[in-house]
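Encoded as structure tokens, here's the structure I'll be asking about.
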């Protein structure tokens, strides 16, 4: 699903599996993960021979990778990027990482042809990134692989590595390295917090907005993809979605997933919803309106009251603020307090409408959306308009292009997409733009 | 109003006009804008030959710039900086931009003598900035203009350009370029959002605090002026002011204006208010007190209650927190919950007082401000004091220096300033410091 | 307490004293400060020959430093780092700073042997940092001190200096400088705000989260220690603690202190509390539960109600949300809404337990914590569990290592630490890890 090189692709989910666990079949979890399909299968699967696997099992983990990937790699619907061991401060760890990569890349084992690249944790300055890059270049040469064919995805979990993010563009393209192999920039907030020596009273991780911004910016500037670190509280689905929404507002497209359940959320979260909803702002909070059977949007709380008075006048109370309004004033007041969460088919319709207008020589058109809001049983027509120009059109393309790339690259998810959005929307969404 | 070179000036408003629109007189909007005066006239006026103008009208737009600026440029009270076309990824667009600049700078057309520089959109890395700089150098040489006399204001609308902000200081001053011509650093959040591939559910733009910080920091480090991008919702005056206040707290002084109405807000917003007001903090929110005819400050809400009890005691309720206090305790409690929005004449008075103290050999003095607050009809005298030292004094200079520069550079706004603040305050404000 | 060189130490408090004040004994405040002990004595004491001292007293200030430090320096429990004058834009000020350092370092005066380094304010670009470094190198050579033996702690109070933070790692280690002497990176928000020309309506300082992040990141990447600037409102102890907590979540360990009272807060704030507490989230706010005599944790507010119904069912109201739950559901609902503020002995216990598990070959264990919460008289057992692996263990080490370093480096604070935590906890805390 990801186009390497200058054009960025999309990675929604980054799912790690231990390469070896205690037990009769140490490859059990690896084998299970390799058979995930559809929304449960990640865009990038990471057989994790670092933190998820006990140090004494890591040599065996490498053998498990060879076994499982040579057997199941061809059918796996996503890309495969094993994580090897590495540490900016420890040459011995780096040597181990080198040897593990060399072994995994052995063409006689039949795994490397299904492996897209390596994930390199605990990198330091850009010079440390170059050391990993150089080892991969040697691995490629030694095993008859094309130079630069294996990608490299560093994990940013130190202040040094964060500084390196602003230097990639100065080093990439030099003849002395192959940093064009860079693919994902992954944040690792647990170790980053430790490296920064940050603490919170409850042990919760800081949210590190600046780190995520800098990672996303580096991805943008270098044609790469930014991926956020693990979200530990697996039960907290709502929190995971809030984090993803915050990430997307930063241009950070992907997120780490620790379970197939999280993979499903990570795969579906970035796609626009099937149905649009209205949000009403009440005293600084945002409340989602309920869609009624008739297609209207109803407010069901106590903080807003609406009463029809005589002669076409209305009394509207929002929190402690009460006003008397006529019909137009009421519609305006509600319009100013609502926002619309855009659905997949809204994107498709608006883009198609704009394309037509552009073909007819118009550079900007007004798009109207009218809906019936219901408060305390009173129905109000609210019309919102928005100017669409080339910039609006191109911004709308971000989610639609994602949809198209997913549809193209992940045939195993097509049925689920058609179930979710319906045949018609999927057909039009794959053709627009 | 802006002093180029090492000393920064101030730019409050950056107003764009399409250079050509469909119709009998394609220069209509340009001509109208050129005749704005007073608070409706921007500090920097940008005849926009890029996004605001349809691609097929841009050659005509250049001719319109020549016509309108040669006729009205001399009388225009602000600076004039046309925006030309440019794109980091498209050499053909860059060539067009070059040709448009060459035409605009033709001395026989009589426009260039009123033009202060060019706005260059969609720049990439610092090397891309140098390409634009080089074209302007060639334009200057070809048209007999002094090298470096035309300024250049890039629009930061890509991750690459954001990274370039941290590199200006390393390139400026080199003999191989003329980057000393840099003037404004303008954020362009619509295209930046697209470049970062960021999305929000409602299509609202992310607020990009890190981008604005980095732009402001680069302005500070290089003697330039930071300007925020357009605020689309033209009807939302309050939102525009909130954004400007947030920008000013980041050191970002100017903002884009899309209409003469926004220009007025952008021109007046950064100046201290005529009258100071008190803010009361209630349950994490800030409420502005109303100034009474008698010059007191009254709270008019339900979240705070005050009752005079016997024997000089009071009962104060703030939200859910109720306390009994004596007179001093009450004054302290209210002082801790209030903040004072400083008025123009407060700045002038305090600076003058500090200057006197300094002349008398004192490095720090305490400034007191006493006011009568009224809650539920009960009057309370509240005194706030603040230590002023050299640093406080210098910080207070930021808004006063702005006022002085505006007064000096914009004679067309003097009447409005005198109407707003009164003769006396204006006279003292122009002399202090 | 601070280990210079590659390994970072800890600095909690950075306390400035004027070197000379008007009066019979101009060294009075310096002498008083030199005699602080225990929690009132800072980790780093800064005889301040810059802003805290009037310009005409600064030569005398240097003599006072010599007098007081030669007499009291040996007994002073923290490090001593005088602040000298410096300015990126003023060579004359830099020359003065140089001469003051040269005088302070005179070995015949007996002060320099107790002085650990110099604090250099108002630095600019990294080249300006090198000028200060060079002067210190000359001072060392001239006075027979080992090259690099005096540390240097720049104050970041300009956009230029903030940019320099991202360049330290490229310059440190070069043979042409001695930047290995860098020790603290101190933010100076008052002058930084002025340099950025930022303003707020009430004159309050912006909180500058990006500056603090960048300072902390540079500290992490270069083995240095980040220190936040002064907190002006000396009476506002709660605000000072909130700022410190926010700083610690950014990895900024130390803070400026203006009074011995602030030093106490700065010294104790970063250490875990004696007793753990539960936080309950109610409508977006966090309320601390009260510990009862029986060791339970009681909610004492109106926003949460709990009522035991028949047949083991409960009615729980949180804000406007009311639900009926069985016993398990109730425990889950409360667990999801609570967080635990970890106490010193919790850290010690959990680390010891994990060390045992690791010795027994287990890489990850579940730690349970059960507590009795009391709401409206109803008791509920709530169990929270958390997986501990190597990363959790290492993160827990940050506060414990701080405790151990403080205990080691500050014998004058040991009695107070034993009084606070008890003999047993202190003994175990100094041994774990």
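Here the chain labels run A, B and C in written order, and each chain numbers its own residues starting at 1.
Here, a contact is a pair of C-beta atoms (placed from the backbone, for glycine too) under 8 Å apart; a residue touches a chain by one contact, two chains touch by 3 or more.
To keep track of the chains, here are their UniProt names: A, B, C = Aldolase/citrate lyase family protein.
The structure displayed is predicted, hence computed values, not measured ones.
Rounded to a multiple of 5, the Cα-based rotation taking chain A onto chain C is 120 degrees.
Homomeric contact chain B/chain C: same residue numbering on both sides for under half of the interface positions.
Rounded to a whole number, the gap between the C-alpha centres of chain B and chain C is 35 angstrom.
Among the residues of chain C, those in touch with two or more other chains are 166, 210.
On the side of chain A, the complex with chain B involves touching residues 8, 166, 169, 209-210, 213-214, 216-221, 245, 248-251, 253, 270, 273, 279, 320, 336, 339-342, 363, 386, 389-391, 394-396, 398-399.
Of all the residues in chain C, the ones that touch chain B in their complex are 51, 54, 125, 158-160, 162-163, 166, 190-191, 193-204, 206, 210-211, 302.
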